[in-house]
Amino acid sequence: MTDAMIGLVALPLTGALATLLLPRSATAVAVGTGLATTVAAGLLLFGVATQGALHYEIGGWNAGLGIALRADGLSALLLMMTSLVVLAASVYASAYFSADSTRDRFWPLWLLLWTSLNALLLSGDLFNLYVTLELLGLSAVALAALGGKRAAVAAALRYLLVGLLGSMMFLAGVSLIYAGYGTLDLAMLRRVVEPGPIAWTALALMTTGLLLKTALFPLHFWLPPAHASAPAPVSAVLSALVVKAAFYLVLRLWLDVFANVVTPVAANLLGLLGASAVLWGSWRALQAERLKLLAAYSTVAQLGYLFLFFPLLLALPPGPTRDLAAGGLVMLALTHGFAKAGLFLAIGIIQQRCGHDTIRDLDGTAQHLPATTFAIALAGVALIGLPPSGAFLGKWQLLAGAVETGQWLWLLVTATGSLLATAYIFRVLGHAFGHRPYPNQPVTVAREEWPALLLAAMAALVLGLAGAPVWKLLEIGI
Amino acid sequence: MNATSLLVFDGLLLCSIVGLAWASLASHDERRGVILFIAFGLLLAVAWGRLLAPDVALAEAAIGAGLSGALLLAAVRKQSPGSSRTHANPDRNRSESGAKVVLQWLVTLLCAALAGTLAWALLHALSSTPHDTLPRAISDNLVASGVSNPVTAVLLNFRAYDTLLELAVLLTAVLGIFALGQATAGYQPAGPVFDGLVRWLVPVLILTAGYLLWVGAHAPGGAFQAGATLAAAGVVLRLAGRSRIGLPDGFALRIVMAAGVGVFLLVGLTLLLLGRSFLDYPPAWASALILLIETAAMLSIAATLLLAFVGGQPQSAGVTAAANRQREEISR
Amino acid sequence: MMTTQVLYGLTACVIVALGLRGALLHASLLQRVVAINVMGAGVFMLLIAVAYRGPGLPPDPLPHALVLTGIVVAVSATALALALARRLHAEQDND
Amino acid sequence: MNWDAWLPVLVVASSLLPGLVIFFLREGSHRLRTALNLVGAILKLVLVGILIWGVFHEHVYESRWTLAPGLDLVLHADTLSVLFVTLSTVLWLVTTVYAIGYLENAPHRSRFFGFFSLCVSATVGLALAGNLFTFVIFYELLTLSTYPLVAHRGTPEAVRGARIYLAYTLGGGMLLLIGTVWLHVLAGPTAFVEGGILGSLPTEYHPQLKVIFLLLIIGLGVKAALVPLHGWLPQAMVAPAPVSALLHAVAVVKAGAFGIVRVVYDVYGVNFTDQLGLLTGLGIAAAITIVYGSVKALFQDNLKKRLAYSTVSQVSYIALGTAILGPVGTIGGIVHLVHQGIMKITLFFTAGNYAETLGIHKVSEMNGVGRRMPATTLAFSVAALGMIGVPPVAGFVSKWYLGLGAVEAGMASWVMPVLITSSILNAAYFLPVLYRAWFRDPGPAWPAEHIPAARFETSAALLWPPVVTAMLALAAGLFAAAPYSPLEWATLIAHREYGL
């Protein structure tokens, strides 16, 4: 089972090299590697479920000296989500990219991005996290600029500079930790770290760097243009996974490694930033002219919800209610991943089929692409957090946590955010009802519509109805 | 070199480093900023030497100051000198709006605060006894690592996974550059003096690269420094307007680009098949495997850094040759 | 030994601040890339200063390896940034 | 395969699965779609029959599915849920037949019948919900599945009406969700238990319980169209006739009223609610709605708008019944849930017939329609009289019990005047229509005669459903005392609630 861990990194990396060396059969090789990696992720999830947290020392050196890969419930779940989303997006991309030149440049970068995501979710060493963050940043930027249009290149450039700034801050934090505690391994660090100037400053630096990469509210300016101008499968993965990987690190640092260093004041600050992200993101999404901008601002808002959990998790004493809230957080993160990827893929179909994605004149399009509109509707249900989506369970726990700890502000913000989300989703869906004739068969572009539909259905139905194991898995800590 | 003169040397060095950094960032002319930055990089290499980090000094000189400087200078060349000056000046001579000044002060205060907290935390860290668990572990396991230079041991054995991902980062950067389009046009063919210098310099650079690669096992050196030196040779050839700068074509180029990560993966996976964990070299084989990986990494690093300088997928040899001939007619 | 580590450490903090200020303030893209490289150099100095153990003693090799990796990562990021900038200027020039 | 656990799921699935299949059907395959619809409806009717028989004999049907630790999706068939399930199943069958006739050559029918089935599945799920958590899930699903139905026509007014409907219902849904979460934190998973479960909570929780009650009632009040929250109902009249029939007689409006009954009886417990002093508040809100709805209905010339405002007032009888302490008042409220459904759906069917056959939309255009369409107008008259409360139609039974209950509970001082004035107002806005339909001679030509007068006055599928429901309304009044009648079942519910 531990070989699955190294497989998760080695397989996409080998795939990347293979697609680089054999451009002609790149698509087949890429989708093949994707399937293999998804199987590895499944094996890992099964391994973690049966044997608890897994541990793999690379090069045979013990964790202090060498680098250790670790997988607990949280990372195994995120890895599974990542694999499913990227696999679906790969199938979509195989039909989406028509020009051969972009396609054979796309696949190596795509699989390198996948490698960095898996490496980041598995890594148990601080400096290794820095290198995976860099790999993630560079491959995401290269993919975002793939379109070659001026807007895409400008947005990608700003994204790269912000990413570099974030990584440098993260590295400064890592250096402080090494200076103070002499170790880089997360497991050893958790035992050794105690509140003090070193830990506070290092955590502040690392968190600021990561918040730049997660695009939390004041630092979110780079996200909408970058995600809106990138090609559809790329913006799907950017919004659903890349920003979430940085969020995963903040979660890992705050709740696991630096658990006893974190102060409620700092957590409330994060909560406030999250709350403003929810309101600002939803408000801008409501006014967005184009579907892609709407989806990008919706990402800013949805990440705000995730940060609302920090003050709750800090205030709740360790126990069943805290595990429920933590499960709610993960459920919200997973559902947003699937729903946002599905939404972006569906928007990509509309943009490709009708040449534009401006919401105002969407009327005709929504009728003759019923399956795409249905995917947008399902993804919308999951983004708003209506039942039977996984986000409903997530938001339920968020509200329950807010009531339990008496932090009513988060409750109000969640309620307003959900209503705003309803407004901007149904503003789009309102166009689905018009006089245009209904095509005879609902699914028009199979290879592109099925991935979008399945991802959206995963978020809106499967996670909502079959979500109970998520809580059981989360009990498996490192 | 008693303590006081060392202190004087440190003070001088650090003042000039900070001075250069300030000058480079404060200058409004990009070309001047870049050149100051290269000087800053070189002095930095001296600082690493002073702090007994020769490997890093070599890398800083070759990559930090050398290649980054070359890349930056090439980028400056791209903007026609006129435009960069007009671009920078108009908003300078107009009286800066109040908001801009306030913003600058705000940012400066913010950065000062950051420096303060960083220093405060650092002093705490340095005041406590230095943690020696890791250095001791490295020296204990040095024999088993197959190389005697501890830095190479860490890079290629203890934390080999980091280096694998780092080579992947390099590959991603180049693939990203490829995705943006064709390579830039070459340079004017060099005059006789430069041409003579190139004729001597390139072989020496290649020889040094080979030496650096070999010596890395037991003395400062290694794949990165060797790769950078090899790339420097290519850059010199490129600056001399040569069309053939040592880069293979088509499929061979893809092989060389992928060699670094490829060999690393190959070794790791075969070890996995032999029942050992990923990248866990058997002690008997360790030094040979490390040398194999370093050679592939050197070629890969040289190719990728050179491609980054060239700025994209070089057209096939025929095209550059024709372009050169056509340029020669114009210049005559 | 104490003074050298502290001296270089403090300079590192100053350089990081300088780099950050340059990255945040500069309008021209090239100088923002230079500023980020300067900030990186500052962090690397921090690491190497921490590794220094005194004039005669062997330093801690781990930060050296980390800085080596950092330098290579920094140069690849710079190369990509400059390539993106060149493509952007090329697009701006011809429209 | 133990039958008890699977029956409730089958009841919900019997309309859910055909619905999902219909979504992916080609637009042209009419016969398959109609077959799927009818098979689903009949299968559900059979299953509900078994359910009625089982629950009558104290048989426990419950299916449970854990969504998250502490949050179970529970479908539990008790007396109250069976009443609502039977109502929706019967009326769904009738409305399906009507809709097939009504949408003869309309576009987007796969989409319509798909959401139509989802809507009924949500209603049945809501009825069978075993705890407040499941109720909230199906409550939101109901909103989601009815939004496309209201916006089905695609005209700007339809989309606008649907947007208003959505704003109200999802806003209400959010309040209901917050109230439920708050209650869940205070009292743990709130299962529906006859007699309520919150009585035992410590007294310092009481102020919070009052606020939660307010949140829940406002959340449910939106769908039950209590006065300030009823704005969406007249706007949703733009929907096609079968949708407004299903929405106002069976699904949406009843879901709100049913929710209020559940919260008062099975969550708080009617005695505990009275002890908290909340019953009178509810009663007043209901009374205001009853009078306001009837008054507004007086001035509506558009027939469907008039019926809409009449629904606003009629549904609040159920809330009024809940507010009257004592079994007799409860019986009146609960039985009106069924009676109002049957009568109101007849009115909407007939209104649909008039619009579809003769293009009549306004009351002023209804002169002499009785001669042209005698059967439809007869059904309309039976239902209208029932609404007024004229015996022997079903409406009289529920108003009688409401009055009796008020007297017994000593609340006659203000309940009786409300009942009397509302009956008078009902007469004021229904009788002129009847007079105009029967005793006025028709104008030169009907506004738009789509269907010529052949053997029947209109197409068969449009004619028989209102006639059947009118007869049902009559039967519910005449055979009120018969076993398995709505009144008997309501008495059974009341006895189990009050533990007699």
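When the chains are written out, they are named A, B, C and D in that same order, and each has its own residue count from 1.
Everything below uses one rule, namely that contacts are C-beta pairs under 8 Å (C-beta built on N, C-alpha and C of every residue); 3 or more make two chains touch, one makes a residue touch a chain.
What you see is a predicted model; the values in this text were computed from it and never measured.
The set of chains touching subunit B and also touching subunit D is given as A.
Distances from each chain's CA mean to the overall CA mean are smallest for chain A.
Rounded to whole angstrom, the centroid-to-centroid distance between subunit A and subunit D, based on C-alpha atoms, equals 43 Å.
Chain centres here are Cα means. That of subunit B falls 11 Å from that of subunit C.
Centre-to-centre separation between subunit A and subunit B, using Cα means, comes to 32 Å.
Between subunit C and subunit D, the centres computed from C-alpha atoms are 70 Å apart. Each of the following residues of subunit C touches two or more other chains: 16, 19-20, 33, 46, 50, 62, 69, 73, 76-77, 80, 84-85, 87.
Within subunit A, residues 127, 131, 134, 138, 141-142, 145, 148, 153, 172, 176, 179 each touch two or more of the remaining chains. For subunit B, residues touching at least two other chains, in rising order: 118, 122, 125-126, 130, 132, 134, 138, 159, 162, 166, 169, 172-173, 176, 180-181. Chain pairs that touch, as defined above: A-B, A-C, A-D, B-C.
Taken in their complex, subunit D has these residues touching subunit A: 23-24, 26-28, 65-71, 73, 107-108, 110-111, 136-138, 140-141, 144, 147-148, 151-154, 158-159, 162-163, 166, 170-171, 174, 177-178, 181-182, 184-185. Listed in rising order, the residues of subunit C touching subunit B in the complex are 2-22, 24-28, 30-31, 33-35, 37-38, 41, 44-46, 48-53, 55, 58-62, 64-65, 67-69, 71-80, 82-87, 89-90. If you check the complex, the residues on subunit A that touch subunit B are 3, 6, 10, 13-14, 16-17, 20-21, 56-61, 64-67, 102, 105-106, 108-109, 112, 115-116, 119, 127-128, 131-132, 134-135, 138-139, 141-142, 145-146, 148, 153, 172, 176, 179-183, 196-198, 200-202, 204-205. Residues of subunit A touching subunit C in their complex: 127, 131, 134, 137-138, 141-142, 145, 148, 150, 153-154, 156-157, 160-161, 164-165, 168, 171-172, 175-176, 178-179. Interface residues of subunit C, counted against subunit A in their complex, comprise 16, 19-20, 23, 29, 32-33, 36, 39-40, 43, 46-47, 50, 62-63, 66, 69-70, 73, 76-77, 80-81, 84-85, 87-88, 91-92, 95.
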